[in-house]
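The letters A, B, C and D name the chains in turn, as written, and every chain counts its residues from 1.
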């Protein structure tokens, strides 16, 4: 309807909030939520996210952007207006483990995931029925070491075709090539099945078991070239003890994984996550 | 030094944030933290807390307040500027249980409680040494049913003498009279040893034991005439099971109580807590 | 396969564990898990749950029970052997809210709910397709104030027909009559959408919102004649703040509800829950 | 008084619990708590901890041990009886950070730490007054790179003199030599200020800040030759966000550190922790 949001980052200096909120007031906007953060009031970077209501926002968006441009230039802003109803198009990548995908589909059906799930891509056939039964296209693209480039080519074509904005790796167990990742900066969200930076890489639950930790966790992060080293969006943990075998850790971990991924994705879709120097500011 | 904060509540309408932040900008202030909340953009109440740095704030405060008055009037604001270094004077009331008092003293000594602990008042002699050894005055005022009014009279005299801003009931096991409470609206903070509204009143741990709950909790709230019914500032819980006797619940509960009270008090001292219709808005 | 469990309660006195474990040893059993609790070593009640492996348990069960009877009599035991593979038959009652049912179905399909979901009964048609599509019978039995007895008669007939052991009220929004409840002592598990004993009764999220609590919760308990007063099996909470409206509390609460109910039900199905004086001992 | 405990580990095979509990029954003991764990019923290791009451236990201990020896030999047990009132002698090592030491002292004064704090040793003078004021000897032993061996010699002499059973490193910021550690196997408990295995080594809070984690933690573990690699006893975490600087992480971390260390130490003192293959079994 009339709701939109403005997200800004710029060098910190006095007057930013005054300039932005005065502008919005002149445009007839009523601010309903506002969050800000500065890495350092002296010479740092300033981040601002404002959610506001204003009549006819959808039709006036281009004009408002045009009017805002001079202010943005004055303050050297990176900025973006987005309509609340302008849903991002998602591609969900999945392998054999289904719990994260099912959670996202369930939340989407319940109206709690404000996105358009455009396509599900998997290196297995396993989840086809669950996905297609609710009207979402499902593509099986097998990935082998030798034909990885070819597979990624097919994936890219689909992402293009469906005009995908954000890719969710919902326990997708293939490593994407640097070339692939480079095409989607800050647009690929992964769920890693450990409390990073503990247990980077493969078989984290087995290694957690070996180490004898008393809490296990999961981490949702943006994907960068460095495996499991991208900016962390959200993490959570659950308590375990000496009686838990790796299979038990996996079972408990599934609940953490799907919850953490869903939270991270929602915040991303609402433009609540800003990347800064391999860390995230999360306005939640 | 140069830091101060402005806390505002007023009827919500467009332009509030623009007006306030433009004013602060003109005063040379740099906003370092800003939080806002509206109960309803249409006809609701708007709350704003801004922390800012501005040179010479201490000496300029009166002038700034004077300059702000017309804006405040326009928007029908309740408002207050407070210097970061303008510490509130605290009175801590305590009975026999010492853990909450000790926690507050420890945090105060560690420089983490930004207040001036002016006086400790108790209906027991028990804690005198711990309090006086760090240079805080300690008053023993016994309270009996018959002489309650007399005791409260002595307490009020001390609160007056020490110019106390906020009273902390750190497991003070006497009920204050309505007349006493009426003199300190939104200025008395209690810690109740249950997860309110469960187990209002006496002996909450024994009753939690009887009911067989699987989590116990503590609640810090402002004191009003209705026992344990005042606005809740903070709550927390801990897990228990069938093996725990009331004594165990009390032991575990002590950790929750002192932690919850300390958090609530800090937020109160930093003007992060606003009361609205027997609930609190907490900007933390 | 060869796994079984023995659950005992009896007056506490020396020698119980020695007698039971010696008996199991003579039967060739290897104990894999053992939990015990005494309300009071002097004159209290003793509870014991032992999980063990022994070859041919399924065929030998009757003989083992016969051999155990004299020991049980000596110590005045309530006792039961149950084979690990002897699954309980469940009836799930549901109204309009689907999340608890879906969670149970999902866990059941994932092989994590060791039970036989015999039938789903609802006072709405809403969930029929989800249930029937995985091969579970679904019965729509409308309930009105006037025809409640008739509806319960139909329900009882189904419970009889399907030989149901345990009834799960997965957000079933009708109150069962005392007559109905009396037929299933310690066999009906409910999920209440509050942190009991706070917000007993209707509309707990709305009341939690009104009271301004900082944590919301859910409670799974056995159903007795007293509404929401039965023995608590499990509880959990989640943090909320002033920004959450009742709708938000419900959304967050759904995750707690389904998690708490699933945990409580699993423990019940594994005979880990023992009722004693309106409280539960949970050996988990 | 009459309470004692027996802790056993041995190769798993049928009949262990029967043999042990029959023996205790014959000795007139009433079991008040029993915990057991097997790494694998087939060829694994079995662990058992039994707490029991028996009249005159203190005077009969030697006789009971003698009578138990044949059973222990039959099952190849590692075993130990310990009287509930037979308190371990503790040495607490501390550097400049005081919170962990203060917590232990506070719990000890409150009667919740069942140990005899024999001596506090520090490489600073800082905490002398707090320690001596409650009657515990305090030794200042400066540690420099060059004179580390000499310092450890002095420390060992004190540990000898005070007949110390367990050493607690309560944020002691010196690394103990392998020779020192070798003299106290499974008897030195450390608190590491991170959620291990994340941030092994120095400056964990700074590194947690750099990595942008959303939870920070602390880990209590037994000290072995490998830095921060010993068996983990207990861990916990707290939530943080982008606004927290390293100083804030340290402040929050202090609460986790002291809580986790106190829990781990209590379990150790009650013989609830058993080390097995660089992991711990914790019967709590």
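Descriptive notes on the structure:
Here is the rule we use: a contact is a pair of C-beta atoms (placed from the backbone, for glycine too) under 8 Å apart; a residue touches a chain by one contact, two chains touch by 3 or more.
Values in this document were obtained by computation on a predicted structure and should not be read as measured data.
Between B-D and A-D, more C-beta contact pairs join the chains of A-D. On a Cα centroid basis, the chain most remote from chain C in this structure is B.
With centres taken as mean Cα positions, chain D sits 38 Å from chain B. Centroids of chain A and chain D (each the mean of its C-alpha atoms) stand 42 Å apart.
Residue positions of chain D with contacts to 2 or more other chains are absent. Those residues of chain A that touch chain B in the shared complex are 12-15, 17-18, 21-22, 24-25, 28-34, 36, 38, 41, 53. Considering their complex, residues 99, 102, 106, 112, 251, 255, 259 of chain A touch chain C.
If you check the complex, the residues on chain C that touch chain B are 37, 195-199, 211-215, 217, 231-237, 241-243, 278-282.
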